[in-house]
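As written, the chains take the letters A, B, C and D, and residue 1 is the first residue of each chain.
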Amino acid sequence: MSLLEIRGLGVSAGAVPLVRAVDLSIARGETLCLAGESGSGKSLTALALMDLLGPGLTRRAAEARFDGIDLLDRGAATRLRGDRMAMIFQEPMTALNPVFTIGGQLEAVYRRHRGGGSAEARRRALHLLERVGIGAPERRLRQFPHELSGGLRQRAMIAMALMCQPDLLIADEPTTALDVTVQAEILRLLKDLQNELGLALILITHDLGVASRMADRCAVMYAGEIVETADRRTVFKAPRHPYTQALLRCIPVLGDAAPGTRLLDIPGAMPPPGESETGCAFRARCTLAVEECASTPPLKPVAGGSARCWFAQ
Amino acid sequence: MSRVHRLIATALLGFAALASAPAEAGKADDTLVYSLREPIDNLSSYFNSLSDNLIISRQLFDNLLYRDPKTGDFVPQLAKSWRWVNDTTLEFVIRDGIKWHDGSPFSADDVVFTVNYLANPELKIETRARASWMKSAEKIGNDTVHIHMTRAFPAAPQFVATFLVIYPKAHFEKVGIDAFKRAPIGTGPYKIKSFEPGKPLLLERNRGYFKDSPIGQPSIANVRIMFIPEVQSRVAQLMVGQVDLIGDILTDQMRDLGKVPHLAVASTETEQVEYLFLDAIGRSGETTPLKHLKVRQAIAHAINREAIARNLIGPNIPLAKAACTHMMFGCTDKVATYAYDPGKAKQLLADAGYPNGFEAPFVYLGERRKVYMEAIFSDLRQVGIRVSPQLVTFPAYVKQVYDGTAQMGHGVAGGAAVFDASVVLGAFFDGGGRDFARDPLVIAAVKEGGEVVDPERRKAAYAKALTRIAEQVYWVPLWSNSMNYAFNKDLAFEPPVDNLPVIAKMKWR
Amino acid sequence: MWRFAARRLVLAVLVSISVSLICFSLLRLSGDLARALAGPQATADDVVQIARTYGLDRPVHVQYLDWVGRLLKGDLGTSFFGATPVLDAILARAPVTLTLAIGALLLALAVAIPLGVLAALRPNTWLDRGVAALAVTGQAMPSFWLGLILIWVFGVRLRLLPIAGSESWRHFILPTAVLAYSAVPALMRLVRAGMVEVLASDYIRTARAMGLAPFAILFKYALRNALVPVIALAAVQLGSLLAGSVVIEAVFGLNGIGQLAWTSISRNDFPVVQSIVLVVSLLYILLTFLGDLLNAAVDPRIRGQA
Amino acid sequence: MTALAERRWPGAFRHTSLVAGGAVVLLVALMALFAPLVAPHDPFLQNLDHRLVPPVWEAEGRWAHPLGTDALGRDYLSRLVYGARISLFIALSVGLLSGLIGTALGLAAGYYGGWIDTAMLFILTNRLAMPGVLITLAVVAIVGGSLTVVILVLGFLNWDRFAVVVRSAAQREASRDYVLAASAHGASGFRIMLAEILPNLMGPLLVVLTVEMAHAILIEAALSFLGLGVPPPNPSWGLMVNEAKDHIFFHPWMIFIPGIAIFGLVLAINLVGDGLRDVLAPEWRP
């Protein structure tokens, strides 16, 4: 049975839908990559999962369960956050509170969910800082975020997310803001931690190179919809959706892309939210587009996954 | 007491304060609440030139002489009798049986001490002019004192009656000036109950006040003096009954307050004269139009003094004909006068070469005069004289006058309760810094009047000066300065012409 | 931290020196002091005598150095009127003005912080609009006018509150309210803007993602960050409230420093005027200095910059 | 995108406020410009027989003087109309003068940096440390109040906001490509500041200008209230409040009318300023 099961998740700003009909599931120990261009709704999907949407944004879903617990019940979702589900973000520079020490911020999470004295929380924080590869953890605990480099801060963020031994970690572009060398280290760390702790990991990235290295399964998003979801092999070797195909054409060597390779060269631009209510959102940029594409295609099951295209087989 | 107890106590006290109504003034608790203007730091009229301080001094201290406001005569107060020994010496015989507030006896030594203390030119008092006429005092026998003057000073009795309050030698020498300023002891009808700067001054009746005092015995038991600079706040306090007596209010306010059922109002002329001065000799610049007699006459004709006085000054305030008030010794009204006649004013301006009028700055003092000053400007404007008014503070005013940069302006002369034409003429027509006429004829006459002691010769000299001033329109005399009061109907109060109310004379009805 | 404090301190001292110089020279622009002091009945001799007694016949720079020399010994000089030591005159009135200014600042903060936070939490609602309206009207209200109107309504019509004076805390209600109203808009806008910015910040999202209690997020995390600039502004505001109390004290008959300043200005009592200007300036410098230190204490980033 | 929208006051309110504020300011400006046509009487003409006539909504009001007459019998409406001229003139002159000083200092400090910046910041700290109200009072008390004096004193004391805003804007602009390009082409610093940087600061400058104009009107009113502002017989609104305060308890309408006029104009200018800020320079929101 999967750890997280989502059906029909949507996010909208007032009447404007930003994310539509997203189905997702992830099992313990699995890595799911949410890939797509910026603005495709990856981050919003993740934030909606965590119930962290900003003011003015609303979410709805047909079903959302985490280990059997109904995530649509706000109280339940709040109790899970930071405890069994944790999330880390793109900008380590701003994601930590500037006026509290690293230790203070880590310990606050533990005490919130586990209670107990600060000594216990401190031991846990020390242990995790060491585990995520931060040297001299005693000293780091007393430091403020601005005294740490970007890479160290992201490690501290990961440590904070792991304070309560979560079952699911959502990492929203965790390496995008970092130097290339640091990127690789952080990704390796995430992979190791996942193996060690049996974490389910949802990795959000626009970098197909990262996805191809990390993912067990991959979901490609376009204009607020999942257009293709499949295991890594299928997505990178035999993509079914024209968008996925176009994306992969942009990468020099298939399946062998180096981290940092960007999605760049599909002519045209993603339609702004709320523009097309019906039809395939990709049809304006699609080389295969025909009249039929003006009506919305369903997510069709295909070998190894499913794809939202009339032509997918 | 525990912290909780303290908190509860504080809360209860706060609640009690909220529940109790503000202290009401009035007859019921035999407390007169009198609201003055300027907050004071000390209670010595020598070390504080504010006129309000003189009012307070009046209640706490006595002078050697008292000027009867009805007759204008100087009657002995602390003195039993007095006389001029010669042009520069006054003699006073001291009463016995008078006691200071602390019970010690008043004596001639106190008088000698006070005069000699003030006469010291090194003493830092900003009211130097009130003392600089005195050279020294000398005890002649047990109860007789001579005051020697620095120069012949005919107005001396006036200064004695107004400014020369007597201090207790022994007490003063014991505590020193700094302590005395805060907790003075006098012989006056009221003594201090409490004084803290920033708080109301509380006085209580002096039950041992000497029986023969010309001001009589104090009747009201307690006095609370508040200091409220903003006239509206004073008016409001009177209206809601927190205050019994206020002065220095506008005529319009007085009229309106008179309609309030529980209030009464009164207005009086004072010993001061209001005037316009004109730069007749070009101190401010050779080109000033005011050098022309016709222009000055035009100004005198342009102002509807009658209408302004009736509407804005007060119902019974006399117009001034000469540069003095009728209350002053030496004043006369047999001088040239100029009736309101804008047509003639325009004609005179045209004759002087200003058919289209001219522009001139106009300097004046005093927030509360603003309304009728504007009326004057408006009258001048009607005949083509466009003044740009400058309402300035006293120092800036003095500077403009002394430096002669002012072309024309408004002023108030006399005052400080000196009922003598010398106080006007000696200050403004002596050829000195404030003289914009510098007319040798006037200067000579004023000098004579200021030096001789013979009353008839003084009168003649002043009449000569005043006639010349009016002929040449060096000044445009306006009217007697007035003072308006409003007070609780329960209070029997008669406004004094010297602006210095005596609380001992007030009673509850 | 110490280096930061030391640098601020040096700046504060430099500014104090130049402020004292400016105060002194500015106020010497006016007329002949001795003459003004001497009063209307004075003769020319009296004027000379007064100039000598008060040392006004000395060259200006001598007068300045003399003044500064005494200042360093804690002697602010002696008032021309009443021969009172200026320090005594100021200290005697300080309680009234400080009660007024601090009361107004506390009241303003008590209004501005909750309303600013509420408006930030509920942007684009009627509440937010109401708060915005309060801010805009507060900025446009002539305080002397409001004061007079309140006296008319509460003092004369309703007779609920005393009109003038400073004898009880009830006397302070109206003036404190009027003064606070003028200080609220700037503080409230700053709180709201700060809260909006902080609430939208990544670290608040992090805190929520970590499941921290909403109450703790709002008050411990968000407000603390949003209040960093408010502290500095509050320190500055206290200075301007002191200066702004001139008008309020005149209207409500409060005998405080503002009143002292106003009467001294209108009779050119130099020692008092220049001392008050100096004291208010120094207080401002001190407050901004403390504000900086407080900011540094709250926000570790500032400490680092020095 | 949401973050940006949240930073401003509510959208609908913002637009109405800009429109409403602008309409009031425009109305007052027109009234000031065409005062002789709008005012029913000569604002200086006194009539001592018709003093303190109440406005039409009071029992004894009459249409000859819709807003009544003052203590000298001058028509209140006419004085209000002419008073708009003075208030706006003061607001504009003070705004321009302080704007000139503040912009010059801020530009030089922001563009050149270094010791010029340090010196400017020192001057600014000094200025901020001086109690503006007290200094204004003292200076006006010494030299005497006149329109020119009031404008000069306020202009020379209220440049700080301009300087602060222009300095940081200039710092930002100075590092932009177009400035570097101009500088590479050998343009002088002075030219770059005036021709390249200044035009890009118009948005924030306009916003600060509204703030300072509103401020100037309020300060002038306070000065006039203490009797140190614009001298009579000018119908300044502050002076009208000052003259009316003598009658507050018996003729309260006298103080309400000019008080509301000041409040309304300052409010309108502030609304325009807030609106402009949202439109032109959202990053300058406090």
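Convention: contacts are C-beta pairs under 8 Å (C-beta built on N, C-alpha and C of every residue); 3 or more make two chains touch, one makes a residue touch a chain.
Remember, it's a predicted structure, so these values are computed and weren't measured experimentally.
K.L.:
Upon omission of subunit A, how do the remaining chains partition into touching groups?
P.N.:
one piece
K.L.:
From the centre of subunit B, which chain's CA centre is farthest?
P.N.:
A
K.L.:
Where are there more C-beta contacts: A-C or C-D?
P.N.:
Answer to which pair has more contacts is C-D.
K.L.:
What's the distance between the Cα centroids of subunit A and subunit C, rounded to whole Å?
P.N.:
That pair's centroid distance is 52 Å.
K.L.:
Return the distance between the CA-based centres of subunit C and subunit D, expressed in whole Å.
P.N.:
Between these chains, centre-to-centre, one finds 22 Å.
K.L.:
At what distance in angstrom does the C-alpha mean of subunit C lie from that of subunit B?
P.N.:
Inter-chain centre distance comes to 37 Å.
K.L.:
For subunit A and subunit B, let me know how many angstrom lie between their CA-based centres, rounded off.
P.N.:
Taking the average C-alpha coordinate of subunit A and of subunit B, the gap between them is 87 Å.
K.L.:
Among the residues of subunit C, which are close enough to touch at least two other chains?
P.N.:
Where subunit C meets two or more other chains at a single residue, that happens at 30-31, 123, 148, 152, 156, 200, 250, 262, 265-266, 268.
K.L.:
Going by the touch rule set out above, which residues of subunit B reach two or more other chains?
P.N.:
Within subunit B, residues 232, 236, 239, 393, 395-396 contact more than one other chain.
K.L.:
Two or more other chains in contact with one residue: find those residues in subunit D.
P.N.:
Residues 2-3, 6, 141-143, 245, 248-249 of subunit D each touch two or more of the other chains.
K.L.:
So in the complex, which bits of subunit B are touching subunit C?
P.N.:
Those residues of subunit B that touch subunit C are 14, 17-18, 22, 38-42, 44, 47-50, 121-130, 132, 177, 181, 196-200, 226-230, 232-234, 236-237, 239-240, 242, 393-396, 398-400, 402-403, 415-416, 418, 423, 427, 432-433.
K.L.:
Under the stated contact criterion, what part of subunit B meets subunit D in this complex?
P.N.:
By the definition above, subunit B touches subunit D via 231-232, 235-236, 239, 250, 252-253, 256, 307-308, 311-312, 363, 367, 370-371, 373-375, 377-378, 381, 388-393, 395-396.
K.L.:
Where on subunit C is subunit D touching in the complex?
P.N.:
Per the touch definition, subunit C meets subunit D at residues 11, 14-15, 18-19, 22-23, 26-27, 29-31, 123-125, 128-129, 132, 136-137, 139-145, 148-149, 152, 156, 186, 189-190, 193, 196-197, 200, 236, 239-240, 242-244, 246-247, 250, 261-262, 265-266, 268, 273, 276-277, 280-281, 284-285, 288.
K.L.:
Would you tell me which residues of subunit D are touching subunit B in their complex?
P.N.:
Spelled out, the residues of subunit D in touch with subunit B are 44-46, 48, 51-52, 71-72, 141-146, 227-228, 231-233, 242-243, 245-250.
K.L.:
Hey, which residues of subunit A end up touching subunit C in the complex?
P.N.:
For this pair, the touching residues of subunit A are 50, 52, 54-55, 78-83, 86-87, 89, 91, 94-100, 108-109, 112-113, 144, 146-147, 157, 160-161, 163.
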